[in-house]
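Heads up, there are several structures right after this.
Below are two complexes that have subunit A in common, paired first with subunit B and then with subunit C.
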Partner chain A sequence: MTYAKARKRNLIRTACFLPLGGALLAVGPMTGVADFGSPAIGQQAVTKLPNPPADGIMGFVVEDFIPPVIQGKDACPEGTVRKVRDEYLAALPEAERTRLMLKENEEELVAKWQASLFGSNNTNICSQPDMFTRADMRTVQSKFSHGLDLDGGKSVDTCAHEEFASPAGVTGIDNQEYRVMGCTLEWRGVDGIAGDQAIGTRQFHASGEWTQVILLKGVDSLQHDDSVEVIYANTPDRPVQDSKGHFLRGASFSASTKLPRHRNVLHGRIENGVLTTDPQDIMLAQTWGQGGSRDIRGNRTKFDYRRGKLQLTFQPDGSLRGMLGGYKPVFDVIQSPGIGGVGSALVAGIDCAQYLQTLRKYADGIRDPKTGKCSGVSSAMQIRAIPAFVNDVPAAERMTKR
Partner chain B sequence: MAVTRSQFWLMAVPALSLIGSAMTPATAQPADLPIPPATASEYPQGVKIAKSSAYNVYANKRGLTLYGMDMRTLLRWNPDPAKYCQAECAAKWEPLLAPKDAKPNIMFPRGFGERRVAPGTPPPGLPAGFVSPQAAPDWTIIDGAAGPQWVYKGWHMVFVRKGSKRGSNDLDGAEGGTWNTLKFVPPVPVLTAPSNVAALFTSGAYALTDKDGRVLFTGQCDAICDGWVPFTGGMASRAIGDWQINTAPDAPQWHYRGKAVFVSQRDDPTSVPAGGTVLRP
Partner chain C sequence: MILKNSGLKSKALMLALTALPVAAFGYTALQPAPIAAQSLSASAAQAQPGQIVAMRRISESQYRHIIADVFGPDIRVAGRFEPIVRPVHELISSGASDAAISPAGIEQFDAIARVIASHVFDEKHRSQFTPCAPLDATKADDACAGGTLAPLGRYLFRRPLTPSEQAFFTGLAGRAATRSGSFAKGLELSLAAMLVSPNFLYVIERAEADPASPGSLRLDNYSRASRLSFMLWNTTPNEALLHAAEIGALTDQAKLSTVAESMVKSPRFEQGLRAFFSDMLLFEKFDELAKDPVVYPYFNQEVAAALPEQTLRTITDHLLVQNGDYRQLFTTNRTFMTRVLGPVYQVPVSKSKGWVDYQFSPKDDRAGLLGQAGFLALYSHSGRSSPTLRGRAIREVLMCQPVPNPPGNVNFTAVQDTANKAMPTARIRLSEHATDPTCSGCHRITDPAGLSLERFDGIGAFRATENDTPINIAGSMDGSDFFGGAGLGKALADSPSTPMCVASRAFEFATGRPSENAALIEALTKSFGSNGYGIRSLFLQVAIMPEAWRVRASKPVIESQVSFADLRAKNP
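So, the complex of A and B:
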């Protein structure tokens, strides 16, 4: 069941125009809202925008593609998700826990918590997470999240879920991925500092492995335009960076459809300086050690956003800021530690089975019409894109693709 | 920016795998990865080469395309992917079985998946007579769900799609790259050539290239000789096999069987200018 849809509509109308200060006040005690963007990411119009180029074509390269995390202790009041060692200890009777934590019993403790990661027939919690049952993990308790309203106030093809409000006060935000993963150390990091995911995704975009480009065609105005073609694609070209690791503006990129890269053609409209695309499935490259000798699942992974859409705000400096939202298959969320196998648990302390189990519990999208069960979570990625020259895939080559 | 321990592991595990693949190149069959050349000239009984538009593929005696089930993609579903294809899978895919009395000589590595009896206990090694998938010859036998079954290039359990037609490769890459046609690339020819000459399989045959993969060619250019860049050697180069070094020009140029050799500078490094003939071993 979705909540407060009618009320949300009214709030959206007013909240969209809240000044930044007002938005922060509305958020209340939250601190460190975001270190890389406005709290109203992709939802607040800016006032002074340049005219678009005469040919209506604008290119961008995506510099940030990050799971948006709102810092502050209200999100995870009990702290971040326990690592497997701590989870093992927490499940023990107090006397046994106290005994094992004595230094002289360290070797026994290590043996026991590591053994808890393995099951029968050589299974382990990260290579075969489906085969383990775990307690649910800590989830985000705050009512605030970045993201998009994906279900539009309807629950026709979604599953029961609670919705967030954005820091700017926009309600109806669907982001169950954040609800589940938002208290993990990989996402949240040390409070106030971007977590591993943020750092890792930035590296993958800088390396050319996941690098994305956006090409807008038919832009008549950055304020209002009823119809814009949006090419959202991967590029094999590595961005040029300055000495601080920022991408240089105005570099040239070529879109590519050669696997594992993808090219998505979207239709969008601009209202009040905000570009929003119509919902449709979006796929983008996400490679993890492709071609590895042990496991090539990495080569086959992808960002798979069902009913995905972009909501991007034109900025006076020529950049775009906003969100990609959509429903993501639950296993995709743990692709990286899953590929890492039991090493992800032994070294990074990640309980993939616990993650997967909790993701399934909170799944709100990709509903099977027969069973009524959902196998996907609403998700959002924060985007910042800077101007670039983007050469689309040649028409002749596109014709040969599916 | 500092890299945390968990981040290192998240990124490092796939990266280490990548290093491994570089050391044992191209064991994959998916079309978007390099296709490893065959190393064997003998195949399991009934297996033959069938012509296909993009690639030649291995086929069974009925001419049906052989598919490899990439065991690496199935670890999530079964810690021993060799036993994966049962029930629903077995209803669709027919295994290419080895003789019933054939002894398996390969197994999916346990590695990280091995249950640790005690901390610090190393995973058990391969049983005697077994090879690891990384070091496997073209054709090996694994203990599959239906009995001894052929494996290609260490990872690909061999199947035929039930009900498929001759020449059909429709399921190449199906199920997230789990099922891939077994593509045939002839064994790499043995070259007697300068050390910076290699062989590249392109357009259905091997061509000679420089170390950067640019094809070598001979011929006569027309009036405009743009793109005819000499394939140069060092001043101390010595003739080898059919190759001679011509030191008369400003830069020594290799000749092959008496003809001056050039190297492609085109965007497509496997194409040559008009009038050029690609060198083939």
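So, the complex of A and C:
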């Protein structure tokens, strides 16, 4: 990346609430970049594991909760998805495109591509993406993706889709969200540097806005256990970090008691050091900043994983690594730029209508039994959780607030 | 102003400087009667009633408590306070007896005073402190001003205002009201002047003849009220104490005992005890506590702020709530925890906010105050633990056994090389360092105790190894051998030096000077022990022992004089 590009990139990051295509904005300098070089996807069983605590209770705070991207040129051979300005130009006859790209016509070009973002009655492509028709976007061409096998290879409740294989060779990986979004700059980043999605998500987890905790109960062995209760919840407590922004182990957190508290009670089992939960709808908080309800910041949305499941591998250092998978409503994928409105398109160059249109095309889950159409995409988030003391919502309070 | 004592002389200079803000306002013609600061001569019988025998600068915490008690907690005290210097191996309370205030310090006090006065007499608050309405709110009203300022002055000066003081502050208020066109502004200026008066900034003790011991002096009633209040409650005397002083009850031994007993039983005694232990345990060092964030990522400013509070909560809970034996402060495994401290100790904390009770497991090896991160972090270097600093603090702070400073040319290379795999633990590094005979003498006093705490790193977090080498926590002190923090705590609890040290510190805290009377401290310690080493009994004993009220005679010094006229000439 040239200095000018890098500078522009940072300016954009810090200047505004930049909705990503799912994009999380205003994330500041690129500290806390996820460790993409390490084998974070923990399907491989680990042999040397400590014994669980005598009471069988283990707590964790989620430090990484990021869309897993396999960088490299295989996935997007034509490059990343074009920004709205470039998309506008690409759709023009060559002569007109050439004319508008002349420096003296820059003002006209800006006016025209920006005008293309708006529709009648002051609609725009990010606030009302349904009302615009766009060409499909570039999608991931590689056969590899991280993720989970959500349907067991059976398309009973799903729509037709192509499956990925994981880099480790596991087949049947369902991750249509990655197929659609994996070539956007916000997801892909630049090789060696994480995309804004990864960085922004990390920021939201560090700030206490999206912070998640995992509480395991009834763990008898980290190698094999037929039945483990898994509480997967949000916490309002802000993680303690070191001077480099890494979460510190051994801090205490309380599962959120404030409604809606998104306390997911899951059942799981441990096989060969890998904890896998049964499919179940999972909901987690997604708060956009600290603003009031009428502000973009402070908007309360949620992570909504239908038939979601966790697959987490116990690590010798006490941490957990793995995935959350499930089917996500297509609009949730563009929640962030949607909330950002036309600014997402004008500033970040995101074409929400194009994203939504392509997501619908590749939707493979949340099938309507009547129409047979799917309104969700298979999705996966890479998780790394470190040991913490997690206080569950007191039983009495769970009963009274239910 | 007559000065016969060098310490008092410097304070009197400060007194003159405090007049400057008032002078700057144009009221130099009005001055309160000067303080006659006279030392006691060797011939105490020549002393006059009302003679000043000691001046102790109030501390920042005392200042804040006074303002909150007199004006309410919503009156803001904003500003930086010039610190009181701690004399070597003594309490800050002793330093307060010799503390002057620099011109910059007085400017700070003046700024703080003006903010306080403006709040007290703003529209929201003035009715609480003004018992009358001025005839005209835009003009001076001496009767109303006097009626307002006299009771405030009594609380702030800890005695009734003298007629000349009354006249001065009333006149000041009147002139300021006339100039500003506001009665309230006049009161404001007058109150600000009170708050920079040495009569407020210094606890001034006066002597009177002791009828029980002809030829001797004792503290007068109002001085006793102040001493009792600052010693036991760390604040200004309340109405009951001032009344007791007014009727002469505090020089009556039986009545003094009754008053003191009720004070140590009061919940406010916790405030006094916190001040005492903050002083005894050198808590001012927390203000400059810093750790290398790369070596100790768990340490941050929130942790630094919570550490002294954890120790104080442990102390006050054990000594006051549990009414425990002082010696058990070194063995108890009961403490308090917050979310901020939880990661340092690697323990769960149930509540998101505030403090919760916590009991360490015996296997944690965290016994009493020495097992708390506050002590362990305070007596470590920024990037490594220090058995020597810890051992020295145990000797000096908890056992009152001063350890000589190291010579200036010590070679610390061996002990500082913490990454040296050939000398992986502090014990090995120190044994190498202590082969130098110039060092070994003192290290024999400090290190055997400090080494038993080596399983706690430079911020007090637990570690079983250093440089992958298991840490040996054998320790010894004064002939007894032990293991780890628990063993050290028991050794301290069993040592006769520990209760004697706190007894001597309590006496020093009360009187503003360390006692040189060994027999008195031994008797005090014996009484402490016979009362189960309860802290209330110790402070009660100090409060009522006649020796504490006796006035120390000092050598006569050459008189000197500083007058406001001189100062005005120099500062027109």
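Structure notes:
In the analysis below, the second predicted complex is superposed on the first by the 345 of 402 C-alpha atoms of A that agree within 3 Å, B and C clash if a C-alpha of one lies under 4 Å from a C-alpha of the other, contacts with A are read in each partner's own complex, and residues count from 1 in each chain.
Methods note: contacts are C-beta pairs under 8 Å (C-beta built on N, C-alpha and C of every residue); 3 or more make two chains touch, one makes a residue touch a chain.
Keep in mind that this is a model prediction, so the values were computed, not measured.
By the touch criterion defined above, A:G365 lies against neither subunit B nor subunit C after alignment on the C-alpha atoms of chain A. Considering which of subunit B and subunit C touches more of subunit A, the answer is B. When the two structures are aligned on the shared chain, A:L259 is found in touch with subunit B, with no touch to subunit C.
In the superposition on chain A, A:F389 contacts subunit C only, with no contact to subunit B. In the superposition on chain A, contact is made by A:G250 with subunit C only, not with subunit B. Of the two partner chains placed by superposition, A:G273 touches none, neither subunit B nor subunit C.
Contacts of A:P337 after superposition on the shared chain: subunit B is touched, whereas subunit C is not.
Of the two partner chains placed by superposition, A:P329 touches none, neither subunit B nor subunit C. Put simply, subunit A uses no single residue to touch subunit B in one complex and subunit C in the other.
In the complex of the two chains, the subunit A residues touching subunit B come out as 107, 110-111, 114-115, 118, 121-124, 127-130, 185-186, 189, 196, 199-200, 203, 258-260, 288-300, 331, 336-344, 347-350.
Put simply, subunit A touches subunit C in their complex at residues 236-237, 240, 242-243, 246, 248-252, 254, 389, 391. Taken in their complex, subunit C has these residues touching subunit A: 293-294, 297-298, 300, 339-340, 342-343, 346-352. Remark: subunit B residues 1, 3-7, 9-11, 13-18, 20-21, 24, 27-28, 30, 32-33, 70, 72-73, 75-80, 109-116, 118-119, 133-134, 176-177 touch subunit A in the complex.
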